[in-house]
Each structure stands twice: as structure tokens, then as C-alpha cells.
């Protein structure tokens, strides 16, 4: 049963990767990464049970906590580049 | 069955790597490298390397993407020039793949217990860790105690890399603080209410979890390297949300550098103290009356040193990039 | 009586796990097949909350009361907090960059500077 | 079975050479650094592959499990430290790229060389 769940998650990871490769916009790629992250958390949790070592859930916990930092960093990246494009047109030193 | 999962994950890994190299948009390449890191962590986990997977998770999700994005804000995000002598390079690369595959034909199968790697030191480590160091996590024991010299060297490499970054980019940070130290209302993502509230709620938990990983490293997956990266990720989140100036006010550059240097010095000092107490360099058995107690103490202290170094260096590096673009 | 309860918990956990896997898979298919960015955000955003609830809930029922359950609960709580935040941040970034949500695929507009060759 | 046992080595070879290709053929300096990190990851993968043992589990001793097989801790220790060192050195590389961009206003290898020759 764990195996069925992990196969579903793995297939979803494959689909998310396809979306990340196809694009078409950068936001689609970021969406795919975020989705990939949540699927990784689930996969790690399920495999920890499959291996019968639930003490390895620390790993899934770490991902659950810090996965969205990269999405926020992307948001900040866009904000910074937009702010800069608005404030000065000249090349920055 | 899990072996089949590993095959699937590895295939995805190769696809992602090729996509990273092919993509002309550097931003997409960086985003894809986030997926690459997730896949690496999943692979490490499937291959029974929980500690390594935790490190990759903490570094890849929390720090690497953010650093790359920080560099991309300072550079153009599109690749302009076409590849040079593409076919020559492709032929050379294909030939090399063939050579490596040929060289690994005789290599032992995956998980072969008769493989030479499993014959020499590792059985000794696995059997005697409980007796000599007394911690369940053999990886931590080998890292901190048996191969302490190596880890000391790595800590110094990290410190030196951090110093290098500060020498290359550092001036901008002092300029930022000297020019206008007060946090601005427009800075960071403060005007996005939901991320702000959620992050303020999460940052304590990330740091708490980092401390748990730091001090629970003897018993479960964890240790100084992972904890340092996790805590750095938490503080980077704080900096993304509240803005660069607020973050620098909370943890001034001087403090970060002090943390990094103190960590490595602490590591080295433990070694010297061991020598002064009559043992060998980094032989913690002499630190307490019972050798195992001493080992425990030594492992704890040097993991703390490593954690301090990694946190300090990673945060200093992040701020060096982030303050540069202001 | 105890046996019956165990059976019920066991069955419930398997049902949750399989339902969760189904939702996860549906989310993946949605992310791939939906026509525009915002519909894709919708597909993944919803299933990224429901899938973990069911999968991790199923695992929790499997493990019974132990430290692992607590960790699973923490993972679930953090995922439920961070997932929607990430989705929000992403959709917000796209909206601010000038991508308008449209119902028709042909009129999907891509802002200059963000499309790729 | 032979193929499954050696698939990791194949992936190692392909990843290593993908990274190497980016290093030698791409002109963009950040792309070169990404290639370097892929190269590095390939080596990590090889080491971790070597550390696994059939029927084993991660080397965290469980006293209650008798005759449990554990993976080899030594490669894991080496790679664990190498990952953090890798990110620190990549940051150093990125810092140098940023400085190059500030001096030359370009991060393309061939353009930088051209400017060097002209001056």
C-alpha cells in the first residue's frame, strides 16, 4: 500500500517535472518547483514508513519548513527587478 | 521495489540536469536546479544516507537557490553567446561517458556486500562506535570523532570561502549600513501581508528545528552542518521578509563574522585542550573522567563549533550578495 | 472489540492513503493539462493541501501513538501553512508582473520580459 | 539485474559529463558554475551509491534490531561535509562572477576575453 502511494507520488513528480520543462512562463516553472517540493515531502514521509524507520521523518519536516523560502525568494527577485526597472533606466554599477 | 523508485528518480535527475544545461534563460536554470537538489535529496534518502539527504535538503532548499537568485539580481539573466565548438565538446563528452561506463563494468553491483568499500574501515566503525564514542549515529561519530581532522579542515575551508566572498563583495555592505541604517517601509516583502504573517510565525520554528537538529545529531540524522544551514535558512527568510537593513540590524555583519571565526576556533581549541590534558589532538577521551563521557562532550562541542561556523558563513555570504544590489 | 477497532483504523488509514494518492495524482495531471497559469495554480494549490492531509493522515493512523505521529502532525501543520502561502506568493508575483487571468487560452497574454524563447 | 546494479554508474557518467559539457562549451559564467555544481553532485551520487548495502539501512544504530545491516558511514561523512563546502565555494564563484560583471558589464566568457585582448 505504501508502494501504491509512493508510485502515485513519483508519477506526480514526473508530471511536475514535465511542467517545469515545458514552461511556458517562468511562473509555471516556479509552480512546478513548489509542487515538486510538496511531493518530495510526501515521498520522504512514505518511504520513511516503507523503510520502517519513522525517526527519519526529520528530513520531511525540514523540507516542510523551508521549502517555501525559495518561492518567496523568487517573489522578492521579481519585486527587486521591477523596482529597479521602474526607478532607473541607466545601467547600474 | 525501492530500487525501481531509485531508477525512476535517477532518470528524472538526468533529465533535469540536461534541461539545466540546455536552458538559455538563467532564471529557469536556477529554478530547475532547485528541482535537481530536491531529487538529489530524495535519491540520497532512498540510498540509505539520511544525514546526507538532510544536508542536501537544508542547503539546497534554503540556501543555494536564494544565493543563486541573489547573484542573478546582479547579473543579466539571459545567456547571450552560443556554445563554442559545440560538436567538438559533445563528441568529447560522449567519448568520456563511454570510457566511464567501460571503466565501471567491473565495478561491484549496487549494494553488493562483497564490495571492497565495505571490507576495510567501515565494519570497524559500525562495530566499535558504541564502545568508543557511545552515540547511535555512526555518521556523527565518524565525522566528529574518528575523522575529526578532516572535519576541522572542512570547517576551515568553509570559513576561508566565506572570507573570500566578503573580500570580493564585502565593501557594499558597510556602505549600505553607513549610508542609511534605518529600515525602510518599502523594503523586503513587508507589504505582502500573508507571507509576512506566515513567515513571522514560521521563523521561530525553523530556528527551533535547527537547534533540535544540532543537539539531536548524536541520536538521529543531524549535526552541525545541517543545523547551520537550517538556521541560516531561517534567518535568510527573515531577511527576505523584513528587508536587508532590518536583518543587518538584528544580526550585524560583525556578529556573523565573529560567529564564523568563533566556531572554527572552538573546534581547534577543543583539540588543543585535549593535548593539554595529555591526549592526542582531537582525542576527546581525556576531556572527562570516563572516556565515553569525554567523547560525548567533545562531539557536542565541536558540532556546536561547526554549526556556528556554517551559520555565520552562510549568512555573511547571503548578506554580501543581498546588500550589494541596494 | 479491540480487534474490531484495530481493523477500522487499519481500513481507514488505507482508504485515506489511497484517496490521498488519487488526489496527488489528480493535482499532477491538472498541473500538466490545464491551459493557463492560473488554472494550473488552482489545480496544484488545492490538491497540495488535500493530498498531504489524506496521505499524512493515513500514515498517522498507521503508526499509532508515538513520536513519529507527532512529527507527521508537525509536517502536516507546516505544509498546510506554507503551501497556500507559496501559492499566494506565486500567483501574486504573476499578477503584479502583468499576467491577466483569462478564460480563453488563445488570448493568454504574456508580459514582456518574462516569456521565453 | 546487471543493468539495475549498474544503472547508478551510468547516471553518474551522464551527470558528470553533462556538468563537464556546461563547463567547457557554455560561455556564460553562471552557467559554468551550474555545470560545476552538477559535476559535483555526480560525484556525491557515486560516493553515496558506493555506501549502500543490500538490505541495509542508514548507519544510525538501533539497539533493538539484532543483525541489522547498516550502510557504510564513511562515504556519507565525506559527502556530508562536501555538500556544505560545495555551497560555500559556489558562493565564492558567484561573488567573483558578480565582480566580473561590475568590471566588464558582461558575464560571457568570449566577450570578456575580447575586452581583455583589446586593452
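Odds and ends about this structure:
By letter and in written order, the chains are A, B, C and D; residue numbering begins at 1 in each of them.
To be clear about the criterion, a residue touches a chain if its C-beta (ideal position, glycine included) is under 8 Å from a C-beta of that chain, and two chains touch if they have at least 3 such contacts.
All values reported here derive from a predicted model rather than from experimental measurement.
Across the two interfaces under comparison, B-C and A-C, the one joined by more C-beta contacts turns out to be A-C. Distance between chain centres (mean CA atoms), chain B to chain C: 28 Å. Centre-to-centre separation of chain C and chain D, using mean CA positions: 31 Å. For the pair chain A and chain C, the distance between mean C-alpha positions equals 12 Å.
Measuring from the averaged C-alpha position of chain A to that of chain D gives a distance of 20 Å. In chain B, 25, 28, 50, 72, 192, 195, 199, 202, 205, 220-221 are the positions where the chain touches two or more neighbouring chains simultaneously.
Within chain A, the positions touching two or more other chains are listed as 13-14, 23, 26, 30, 32, 51, 53, 55-56, 58, 61, 65, 67, 72, 74-75, 79.
Among the residues of chain C, those in touch with two or more other chains are 78, 82, 85, 89, 92, 116.
Here the touching chains pair up as A-B, A-C, A-D, B-C, B-D. Across the interface of their complex, chain C is touched by residues 24-25, 28, 192, 194-195, 198-199, 201-202, 205 of chain B. Those residues of chain A that touch chain B in the shared complex are 3, 6, 10, 13-14, 17, 20-21, 23, 26, 29-30, 32-33, 36-37, 40, 43-44, 47, 50-51, 53, 55-56, 58-59, 61-63, 65-67, 69-70, 72-77, 79-81, 84.
On the chain C side of its complex with chain B, the touching residues are 78, 81-82, 85, 88-89, 92, 116-117. Residue ranges on chain B touching chain D, taken from their complex, read 3, 6-7, 10-11, 13-14, 17-18, 20-21, 26, 29-30, 33, 36, 40, 43-44, 47-52, 55-56, 59, 63-64, 67-68, 70-72, 74-76, 79-86, 89-90, 92-94, 96-97, 100-101, 104-105, 107, 109-113, 115, 117-118, 121-122, 125-126, 129-130, 136-139, 141-143, 147, 150-151, 154, 157-158, 161-162, 164-165, 168-169, 219-221, 223, 225, 228-229, 310, 313-314, 317, 320-321, 324.
Touching chain A in their complex are the following residues of chain D: 57-58, 60, 102, 105.
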